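Shared chain: chain A. Partners: chain B in the first complex, chain C in the second.
Coming up: the complex of A and B.
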């Protein structure tokens, strides 16, 4: 199970980075979303995937799910949700003000 | 008592929320922000005093013992840096009504500034690697708000790049935290430090160490990851530039110092070589950048890079002199960079342009400002008896003991060129014929906060015999990670 999820996270990373390297602004925004999903999946996998176990240590229970990755992933999801919305709004305003969504044209003049 | 460790985070946070309610009534917002930053400064000073007299303050939130709960640790390094943060924030918030337009102030400038201070203090004080990520995000979120304040064409373009690069490095940071969790099963920094020594496969630790260095080097703007920094630091308001230049890159270098003295300190040999090369290249390329432009803001922004390189040189030397030099230079550089960004902000405000070629003769109308710039150039370059000299002396002494002669030569040459690049502003901007186009503007409110910073900076240098013992304590403390681990895990 960990094996499959790791590969999935790797595919998401690859797709995300491919999108970040594009010129179009919206694809870059989507790419950042994809790599943060990949990172979240990765955190989940690192805590070992076990099904049907309680996340509590009690007398007599030897198999238990690690609750910490879930706490980490929740925080991380909320943060990346916030940052993604900031990126989208900022990208929208930038496109409107600069009248282009091509990163090549958003380079800025070299001799200011 | 240990609750003091969280005060530098909570007070600016509450102040930021409170100030947000008065965003239309600017006189109240200004008064409250000045009041709160002074309260924060006073409490942080007292916290630092406690840390240096009685030892580390460790706050375990909810009384959960250390490896399980979230902890905040006020140790010598973090308390010194939090104190410095508060010193320069006092100056920045006092100068803000003069340099920031009323419109920008009413769009929650003070709220974002306080959240930034809160996030920076949190990053310094946290004892948990995941919380370090969270506080990075808190300060970055506040900085995203500050950098787009105003929202003109160039500003939006540059802030988009700033947001994207920081977002990417944050994602890499989270992935690395997941790696560490998989290898050692904890995110508490003291606990990680204890467990890395027992890990059998040292190869995976090497990977983690280098990826973490990549993350923090991006935030700290080290060579070759500095390309995003200079332009995005000059587009916002001068006060924002001062806060960014003084705080954000320094949080990155602080994290490098913390991680590599506490966790990955066993593998000094290969990181040492890497740090030496990157430090030297940062100094060279930063100085070349500073010399290549005639935009005064860009000159100062490029000067951030060589100073980060110098701090890294001290860490590469990894001996008492080198580390104390790094800490001393870090404190000195936070204050003087804030001062210089504010000075060039004021110059650009009175001259109406940031281009050196269109200025000249400012000394006739603004002698005080000119001499302040002159002194701060000397402080920055490290002319004795100012604070830059003491820091550089210690750094070079550390590098000399480690026999890194080439790095010493590069450091000295780059200091000379740094002096030239800032003197260029003085010579071309202040000397020459009186410029009739520039009208006299009252500057008392501008010069006093900058003077406060310069005074602090001179105090650090002239009164080195009072300051140095504390820095020495910090360096000795950093070189013995057991002290940190024992104070947190209480064994």
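Coming up: the complex of A and C.
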């Protein structure tokens, strides 16, 4: 199963990057969202999957899943929410100001 | 001593406040007492039985970087020059600078320089020395560019900084190597361990690096080109930094490290050859200049070369003469710069071709210039100090220690005479060009020229009195002052008494030759001036400098343009390309391509279903051409990931993911209305291929890394520690929570800070729009 999740993470990364390479701002925002999902799964698989009970201490249980990736991912989820929201609002403002969401047109010219 | 060094910097903090009332009281008056008090503090040390003083103030003891102040004879000479000339300069500047100028800036820079320069000559710690050294470069940059509205000022400032900081960095390299070899940061200890250095195989490199620092700072050929351009600074600055003190820092450095290197032949050769070359070239070039300050600048360069050469010769006489000449040069050149400043202010020009016959109008200034320039020329008169050191210089060229190449040994006296003849010529050119008979096409409005105000004359007058007093009673300064300076460079370099008359010895004959030929050449200058069209002709190091600056500029612009295209695709390609190469090399090196199928968890149908759903949704975002659809499909992937978290027994993650995903989708939906509709991706096949290549490549790479991480175990997991200690140390049963708030509390704190900042950014991005609409 770890391999399958690894491949899933890879596909999510690929889809995310493909979206980022598009010209429209909304697609770029979607791409960042996909990449953060991919990163979370990526970290999760590294700690191996389904090796025990949820990491909440109960008497009589000695085998827990690896809590460290969970902690890292928890931090990451919150941070990526922050990033996604800033990207989104920034994109929204850009569209408002420049009346275009096309990256090619937003590049500016040589003679600015 | 720490206070004495830092006092100017401390006072500098108050200058901006004082400068506000400059209309009532010139800011310079406040500043005046600073160098004066420092001078009085240090002049107490001048006595016959002077002993070096060492004071240590801790700064960064763990790195052996401390304010180790070491005051020996050499430092004392420089400290007195810095504070003494500094006082006169501040006094002079009060009359030189109009009140309408930005006086606050000027005096802040000047005081900053004073601290820096005092620090350079007093620090025994090489790294502290380097810090102060660069500070002098920076304050020099600011002072040259003081009249920043002038294009030439900016050019000169930039040039001086680029050249001196290039040298400074080289020097730092040398100093680091020295401190590694000798295992100390103290110069005095390094000198004690000189054998270690001389035996080291890197000594030529160290030597060249350190000398680069000294040569650039002291404007030695071919780095001298920055000094004439530095003359765009206000005249007090030129007199102070670019003649009396800062440019002598290079000499100081060579003198300071003299005991360390003097047994090493390359040091002797490099220093004396570059010194002599500078002396000859710059004195030759000085005669060609038409700007008063440019003449003085080249003359300074040549005098610096002379002192440098003597430090290279390293004989007792030479060392003593070098120290003596440092003092003498400061007096006569300082006064001449001030004279040039007076003429500039009173006549409105510095072009020697337009000036002439000024003696009638400026008798006092003229008299001061007479003493200054004749002393510089080395005219054999008993009341001119320049002659004494010049004669000692000739003497030192005749008694060179053997071991240097014989050829060089033979030509040095002739080169010395050549340099001195031109020194004589430009001194005469300077004096008679200004105060001699009126030229045909000189300025006409001479009637308006008046003698300078008294205050402006005090400082050059004091320096000229110095010239005469040192000339008449050289031995007063010998035992108590010069001897200490000379012996701190070389133990045996003391001279019993400095005498004017040696009989018809070779040095005196050399002096006579210089005066006679010099006078002839000076008189007939106009007839042989054409020689400058052939040598140097149009060749110059300035052109090389300009060319390299220009080339550097355009090359970096091209490079930046190459990768800063403004296209996300280019950036992605570069980032991912680098990532590919680095990871590939790393995985190859660490055997990362092995895949181990052991110890994997089982595959269930439910998981497969979720995984397929996520994959379909992820790819669906690419093809969806409708805003809401795309956002909802993104939501599916998010919820799918949440379900995976549940399956993989991560309840905290699943909860957080569900909440966050809901908020994100809501946010997207709130915004979507404002976005233009997603359009069909009408891209060229080639673009699609590139995008596919990049994204699929990256996906593959990440999969590979994940699998490789699974397949190799380098060390035990650290997670067991958290599982074991969660309850006893953290007091919580939820291990993930304990990790977040106890074990990695600060990390979480910063996470909250980041989220807060993101919130602020979002808020201000929206708020900004409202403000604008309100208007």
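Throughout what follows, the second predicted complex is superposed on the first by the 99 of 112 C-alpha atoms of A that agree within 3 Å, B and C clash if a C-alpha of one lies under 4 Å from a C-alpha of the other, contacts with A are read in each partner's own complex, and residues count from 1 in each chain.
Operating definition for what follows: a residue touches a chain if its C-beta (ideal position, glycine included) is under 8 Å from a C-beta of that chain, and two chains touch if they have at least 3 such contacts.
In this text, all values refer to a predicted model and were calculated from it rather than measured experimentally.
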{"item": "First (chain B), second (chain C), both or neither touched by A:74", "value": "second"}
{"item": "Touched partner set for A:83, first chain B, second chain C, both or neither", "value": "both"}
{"item": "First (chain B), second (chain C), both or neither touched by A:28", "value": "both"}
{"item": "Which superposed partner A:93 touches (first chain B, second chain C, both, neither)", "value": "both"}
{"item": "Chain B versus chain C as contact partner of A:46, first or second or both or neither", "value": "both"}
{"item": "First (chain B), second (chain C), both or neither touched by A:65", "value": "second"}
{"item": "Partner chain in contact with A:7 - chain B first, chain C second, else both or neither", "value": "second"}
{"item": "In the superposition, chain B vs chain C on chain A residues touched", "value": "C"}
{"item": "Footprint overlap on chain A, where chain B in one structure and chain C in the other make contact", "value": "20, 25, 28, 38, 40, 42, 45-47, 68, 75, 79, 82-83, 86, 90-91, 93, 108"}
{"item": "Residue ranges of chain B in contact with chain A within the complex", "value": "130, 133-134, 137, 140-141, 144, 148, 151-154, 156-161, 163-164, 167-168, 170-171, 174-175, 177-179, 181-182, 187, 231, 295, 298"}
{"item": "Complex contacts: residues of chain A adjacent to chain B", "value": "20, 25, 28, 32, 35-36, 38-40, 42-43, 45-47, 68-69, 72, 75-76, 79-80, 82-83, 86-87, 90-91, 93-94, 97-98, 106, 108, 112"}
{"item": "Residues on chain A engaged by chain C in the complex (per definition of touch)", "value": "1-22, 24-30, 33-34, 37-38, 40-42, 44-58, 64-68, 70-71, 73-75, 77-79, 81-86, 88-93, 95-96, 100-101, 103-104, 107-108"}
{"item": "Chain C to chain A touching residues, read off their complex", "value": "566-569, 572, 576, 599-604, 607-608, 611, 614-615, 618-619, 621-622, 627, 630-631, 634, 637-638, 641, 644-645, 647-653, 656-657, 660, 663-664, 667-668, 671-672, 674-676, 678-679, 681, 691-692, 694-696, 698-703, 706-707, 709-710, 717-719, 722-723, 726-727, 733-736, 739-740, 744, 747-748, 751, 754-755, 757-759, 761-762, 765-766, 768-769"}
